[in-house]
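Let me give you the structure first, and then I'll get to my questions.
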Amino acid sequence: MIQHLIILPVLVHLITGTVNLFFWGKPQPQRVMSLLGTFTAMLIAFALFNQVRSEGVMVMHAANWKAPFGISFVADTFSSSMVLFTSFAGFAVSLFSAAGISAVRAQYAFYPIFHFLLMGLNGAFLTGDLFNLYVWFEVIIMASFVLITLGGSKAQMEGGVKYVSLNLLASVIFLTAIAIVYGLTGTLNLADLAITLPNIKNQGLINITALLFFIGFGIKSAVFPLYFWLPSSYHTPPSAVAAIFAGLLTKVGVYAMLRMFTLLFHPDDFMTAIILIISLGTMLTGALGAIIKTDLKRMFSYLIICHIGYMVGGLALFTQAALGGAVFYLFHDMMIKTNLFLIAGVIKKIRGTTNMPKLGGLYHSYPKFALLVAIVIFSLAGTPPLSGFWPKIYLFQAGFANTSWASNYYVIGLIFSSLITLYVLAKMWKDVFWKKQPDTQIHVPDHFQPLSFMKKLSLILPIVFLASITLYIGLDAERVLTVANDIAKEMLNPKPYIKAVLGHL
Amino acid sequence: MKNIILRTATAYLIPLLLLFSVFLLLRGHYHPGGGFVGGLVASIAFVLHGFAFKMQNTLRLMKFHPSKFIPVGLSVSIISSILPMFFKKPVMTGLWLNKPLPILGNVGTSLFFDIGVYLVVIGVTLNILFTISDSGQQ
Amino acid sequence: MTNQLFTNIMLTLIWVMLSGNTSIPNFGFGFALGFVILYLTVRGVDNRRYFYRVPRLVRFVLRYIYEMLKANLQVTRTILMRKMDVAPAIIKYPLEAKTDFEITMLSNIISLTPGTLVMDISDDKKVMYIHTLYYKDKDSFIKYIRLNLEIKLLEVIR
Amino acid sequence: MELLLVIMIAILYASGIFMLLRRSMVRLLMGIILIGNGANLLIFLLGGITPGKPPVIAETKSVFTEAYADPVPQALILTAIVISFGIQSFAIVLLRQVYRLLESDDLDDLNTPLEEDI
Amino acid sequence: MTLYYLLYFFALPVNCIAMILVFIRIYKGPTVFDRIVALDLLITMGIGTIAIYSIITKQPLFLDVAMILALIGFLSTVAFSYYLEKRKDND
Amino acid sequence: MILTIFSGLILALFCVPFGRQINKKLSNFLFLIPLSGFIYFLLQLPLILAGQTKTVRYEWVPTFGINLDFYLDGLSLLFSLLITGIGTLIFLYAAAYLKGKQYLSRFYGYLGLFMTAMLGLVSSNNIILLFVFWELTSISSFFLIGFDNENEEAQKSALTALTITGGGGLLLLGGVILMSNIAETYSIKAMVFSAEELKNHSWYGFILLSIFAGAFTKSAQFPFHFWLPNAMKAPTPVSAYLHSATMVKAGIYLLARFTPILGNTSLWNYSLMFVGGITMLYAAFHSLFRVDMKGILAYSTISALGILVFLLGIGTKDAYIAASVFILVHALYKATLFLVTGTVDYATGTRDIRALAGLRKVLLPVAIAGIIAALSSAGVPLFYGFIGKDLIYEATTHSFSLDSTFLTVAAILTNIFIGYSGLLVGIKPFTGKLSEEHSTVRLPGWKLWLPPFILAFCCIIFGCFPGRTSGLMSYVASAIAGKHFNLDLKLWHGVNTVFLLSMITLTGTAFIYFSRRVTNRELIILSTFNKLAPAYLVKKVTDGLLAFAKKFTNTMHNGYLRNYTMTIVLFMVGILSFKLLNGTPLTIDWYHLSPVSFYEVTVAILMLGAIFLSAITKSRLTALVALSVVGYAICILYVMYGAPDLAMTQFAIDTLTVVLFVLVLFKLPPFLNFTNTKIKLRDGLISSAFGGIIGWIALTVLNESVNKEVSPYYAENVYKLAKGKNVVNVILVDFRGFDTMFEIIVLAMASIGVYSLLKVKVKKSERE
Amino acid sequence: MTDILFIILCTIGSLVTLVAAVGILRMPDFYMRLSVTVKASTIGSGLLLLCAAMYFNVPDVTNRAMAIVLFLILTAPVAGHMIGRAAYMGKAKLWKDSKLDELEGMYDEDHHLRSGQSKKELQENDEKKADIQP
């Protein structure tokens, strides 16, 4: 029974997706199935998380082959909490899609692919096998290819081509790195590799491999200067899709990075410096981009990039505080970024655009929605005591504690980009909510008002749901912090992980 | 395109290819082959039919859209892989019949898994090709 | 009906051949498999006739191999000569063969013979356009094909 | 032989990247295919190559009696090939749709004005 | 043993040279039809080469690959022809 | 205590669901909330006066050591009393002032939030908690300034204020964390024990910088002062509360709080004196040229804040005492003047000082309050301002740090201007002849004049009986100084230097007030110097940043896929080759490599030739043929190395890819050659470099001997346990069946994707 | 005995293959290359497969080798015919010294192939008819 729990987060989406395929062309049953599936997934994720918290690292050996020989699934605190947060985002987006996804999309590809995407994410979090991780990444990118082009508008196609090409490049690099790792060790099990890799004589080669992994995951998580696909594409799909992308896709890259660089590799000085510079570049790129974008979705896209820099930098600093901060930020970011795009979706429904100069007056017409958004954006801006604040403390601490020259830049970048984030979000608030609605937009009909109560509920409830999770993270930071700290400890001391998988050290 | 030679040749090649695909599928566990290649060969048979007789006719021949193979195949694979869970074994664990069956040899869940793969591959390939040629007609 | 049975048996044999297992159950399985495949595929396709008489077949095959060897040698010579002795042409060949199967078989054996190639068959199935490397005159070419290949083939399959 | 394979792999990677840098979408696709093949061969090579010994146990035996090629890279490549097949077919169709909408094979045309309302 | 030598030092090299010659045709063209025909020929030659190779290595398993080549290799030629017949202008 | 602090927050939360009721009725009674707080803090007074402190502690985020750790000493109590006391009056005042306005509930929500933030800020003992509240004040101030949300100026001001205080806040966070890192505690009280360590730490400079950044932005010190005059867009009660009496003093509080920890070093003292001095003079001078009552008050507030910083910078006991008293002095008269301004504005509809005169006839109670406050600000004896001024001079004349004359002159000048502006706002509108248009003005309800009246009353009471405050003030000053001393405030010290200085100030103030015609002509002249003003410079910097951001973003993300690819590849090539050249020597172990046979060479020739052909050909179909040859060569290669499964799959997939391509290529335009040879050469070089790197890595990897464990296990168990003989297939369906399971999902998705690409079309009207 | 047969088969097979390769290189036009090569190589590969079939001499393998030959014979002419036809429609030029082209003008726009008169002849007929009728 225990073993099965690990794989259930994957299976539940696999089955939901497949069953949805049988209802091809019929949106209503798919909607219901999807809600049911994501809700069940949430319950399962909770159960898994609790079990891991109480019993420690859990392992399932698929096909019953013991560790380095089969594919092992491992749930430690990190992976199980990622699964948990993913399930929140999944549930919210599923709920949102009930009214937020146009009928044509919902009829065909959306729901099955959506579930396969969630499945891929859960798989990537839980797998304990390097090549299996590659497969999960492919599942994720294939699903995202479909979702990002679903609907077939010109902008989607244009973004899609860039998205597809650059992500495929990332996959190839990832595969190349896997080839090298297998060539060096003859094994693919992460725990086994954690033991084997340090014994390789040519450590220079290991560093190269680490770099390749970093580049591969770096493209996926959109770090500077590898980020281009993200601002090219994230604004094009419907908001529900963009939400799941924003909340989860780049984050799985960060997750993989954190996993690889704590379990298999340890950043050396060169690597630390490189990653810190990259993280600085990422923060600046995102911040500078966000300042000048006038479209909500485009601006949010750059904010995603900006905040990836925080986490990547946390990895480079490589102390318990830094890793804990990065992980905490990761959780927070998953919830917030998903929510931001859902909010953008509602705004688009209301005003027919997400272009800020054309928006305005929402404070007047939708005051409670405005309040909801305020919670979200101030959490993102890191306003204490909301969720974005806590990890920043850790990151600052780690940045100061590190003595390398690059860490100073990291701290400066952290301050600068936090300030820009605050500015950008406050400006967005001003433009979207406070400002009077420009006259040119008056004739655009409000698509939100005429919706039925249920539909309105399905659009607003997920935002409330995610916002309350964000609030919870912020106000009961102790819980999340404990988890983040435990994760950081797990990362710095992978022995329990290895022991659980291999049965020995 | 009306091409007698191709059509006639196709008519006798298709059964051959299909036969061959099943052959590849069933022997995969012991020899080169397996569900994947088998599925590809089977779909190539229908592609050939499509080239010779136009894709619409191929669709008519198949009676239902090949995309239906996908969920069916997936279900077969999924069921055969989660079946062990009900016997208190991890996912994917091979379950085998005690005695080898004639012709097929040892029959276990992995055979059904491979059959699922076979069906999915057929469904996928044909769906892609037929969708493309269908939209090309418009 | 007969045709289908015949095809079915053939498929069974091929199955046995492929799997290399001559046990009785394997025959049965092959038959069943062939039946299913035929059921799935034979719809809408013209009736076909298979091998008619074995002895004629053997004679034909031998004859054909001989023709082929001859042609092969000629082509080899041509290829290896410094200056090629070729006189290519596309010739219209009026068909005796009527059914698709006959035409296809004929065209295949013509194409398989080095030096000749079937370009196409007219839509009304009355003529066949053949490309040849060694054109002397039209009539002798048509006669050659007719006597050496078409009539012999038709004898076998009709 | 390994050296020759290395050269092939290097050139597959190089040409893949070269094609990715072209402006034509068809070449982009070909680049993706080439570089994918390069990666597969790399797995194959680094997994260790053994000429002429497939990892299949002989008909009459139940264990390997002689050397055999490492089956793991083969399985990995097989999976990778299948995955890239799926992705490639999608990409090919994407290319076609892009052409349908833009009437162009030129990647530089994929630039609707930056701030256009989506 | 002589057979091995024959195959290894005569048949295989001859096939290889043949393949390279065919490739030269692919390279030179001049028309795309030439290239397609040459590709078809290359595949057919591959079948022979695999047959030789399977004898040399005593691995009949390789014949399975040859079987695939024989059965579906012509499909790409058919596809090319299909395309070339349907297309309106030069590619 | 917790309840008192969080009462505002509770009010804010309460406002969300019960907004309507508050809009209508409840607003009149909300003042009870701060009032009860005020009473609570008054009740704590004896405790403090007895030399004790009060601590409350609840666990919040113990992992971080961040707890609800509150601490009440003299300094905190003074601020708490101000916050709740003035808060009570403001709540009362606002209920009338904003009556009938939209969103009143939200206003009270923000105000409550703000009150909580301020109270929390001044009573936190935990340094992070302090920061939490610090930021909350910025946020609530953002909403309050922008309360008139459809006014574009208000929006902009709110944004400026938030950005500047937010930026300072972030730096402050940095400093605070650094401090706690060094002191290894979050408790401010405990940090005092690490004071020496902090001061001698190499990061001390940075800590000061960041603390100052926080304090100066919040307290509107030069050059960050400009947000404050802009913030006057807020409703007047808000200005009175936030921008004179409480929030802006948060920076002062912070400096005062950290004085025992970080203070009394020359860096600390001189920077504070310098910045405070410049601020007070600059702002005081500026206040001369305003005609808007709120504008005048804003600048005089900045100036007063400058004085406070300046005093903290002097860093003597006298200075601390002066600062303590001046906090109260300033809060009382400035809040009064603001409220007076608000009432005048409410009644007459204008705040232009030139248009207002003689209002005493119609707004008598207001006039009284205004005049008292003005006199207090001018430092007329018997008003509390006099005491404050006295103490300031006491501090400047007895300072030992700089030339005390210099300091004193600066203080005198500032005081003259501040006094002048006080008179301008508090007296000018009420004296002289009532203009025609204002003759019909009626005195508004008691809520609009009683609060300033009460405050003004305090000015007199404390002014007459300064001794009553000396108890509290001594504890305030002690808290700042970090050591206890007693203090006795007296009305009359006798005629001494300080008294003379006060008189000089008073005379100066009177002279300007009576001689100068109120005009903003000078302001127009001055505006030519705007290019040097910090606001302008900041705008310049912001514009520059925006322009840079635009250029950077659009250059990096320019829409051309090949540029993106190029950047990524260049990055990879750079970083990998750097690493390869440093520490991964390439040694080829020739003995390990197997010999090359001719058939392998053949395959290589086929492949390389085909690759070359595909790269150079101008025909798409030829490229496709070439690609097939590549695939075919790989297939042969797989056969040669014992991978029949792979060969079969590779070939089948290649064939299908060709079919796919062929079906798609139909409609494509001619295969164009867009790029010139030079670019091709460049790309060729870069991609070759990349290929070379991969090759190099591969060769290096081949050199390593591998001890394989997995594949022998498979070989051993494939028949025994997995009942198969084709290891590859058994791996695919059993050992690593999971890969296959999800690889077919990828396929399925690809197929669905193709379908949706070609078939699913969302109409424009249906988007989203 | 078997060995000799073996060697003969193998040698001939290889040589035929080589000749086919030389043929495709040397022949002057597309149709000639096509006509020479596809079958020559089919024969070559067929012989080599026969060789393998005899070598392994296990029913299973032999059957398979023979099946491959069968497949080759079934598919090669079809492919040759297809590409030849496509090339003709795609206007691949006949060699300059070709003697006769009876296919010329026989395809109409929709690629339908007539058996009777070519387009040119039809046109001439039409003109004649036009001449007769005043």
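Per-chain numbering from 1; labels A, B, C, D, E, F and G assigned in written order.
In this text, a contact is a pair of C-beta atoms (placed from the backbone, for glycine too) under 8 Å apart; a residue touches a chain by one contact, two chains touch by 3 or more.
Treat the numbers as computed from the prediction; the structure is a model and nothing was measured.
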item	value
Reaching chain G from chain D through chains that touch each other, fewest steps	2
Intersection of the contact lists for chain A and chain D	B, F
Central subunit by CA centre of mass proxy	A
Per Cα centroids, the chain farthest from chain D	F
Rounded Å distance, chain B centre to chain E centre (Cα mean)	27
Intercentroid distance (Cα basis), chain E paired with chain C, Å	23
Inter-chain centre distance, chain E versus chain G - centres from mean C-alpha coordinates, in Å	15
Geometric centre distance via CA averages, chain G-chain B, whole Å	32
Overlap residues in chain A, where contacts from two or more other chains coincide	14, 21, 62-63, 131, 135, 138, 142, 145-146, 149, 152-153, 161-162, 165, 169, 176, 180, 183-184, 186, 188
For chain C, residues contacting two or more additional chains	14, 18-19, 107-108, 118, 121, 123
Where chain E touches two or more other chains at once, by residue number	19, 36, 49, 53, 59, 61-62, 64-65, 67-68, 71-73, 75, 78-80, 82, 84-86
Touching chain combinations (by label order)	A-B, A-D, A-F, B-C, B-D, B-E, B-F, B-G, C-G, D-E, D-F, E-F, E-G
Complex interface listing, chain B residues touching chain E	1, 6, 16-17, 20, 31-33, 37, 41, 44, 47-48, 51
Partner chain F, residues of chain D touching it in the complex	1-24, 26-28, 30, 33-34, 37-38, 40-42, 44-46, 48-59, 62-64, 68-72, 74-79, 81-83, 85-90, 92-97, 99-100, 103-108, 110-111, 114
Of all residues in chain C, those that touch chain G in their complex	14, 17-20, 22, 68, 72, 75-76, 78-80, 84, 86-92, 107-124, 126-127, 129, 131-133, 135, 138
Interfacial residue positions of chain F with respect to chain B in the complex	644-645, 648-649, 652-653, 655-656, 659-660, 663-664, 666-667, 722-726, 728-730, 732-734, 737-738, 740-741, 744-745, 747-748, 750-752, 754-755, 758-759
Contact footprint of chain B on chain D as seen in their complex	54, 56, 78, 82, 86, 89, 93, 96
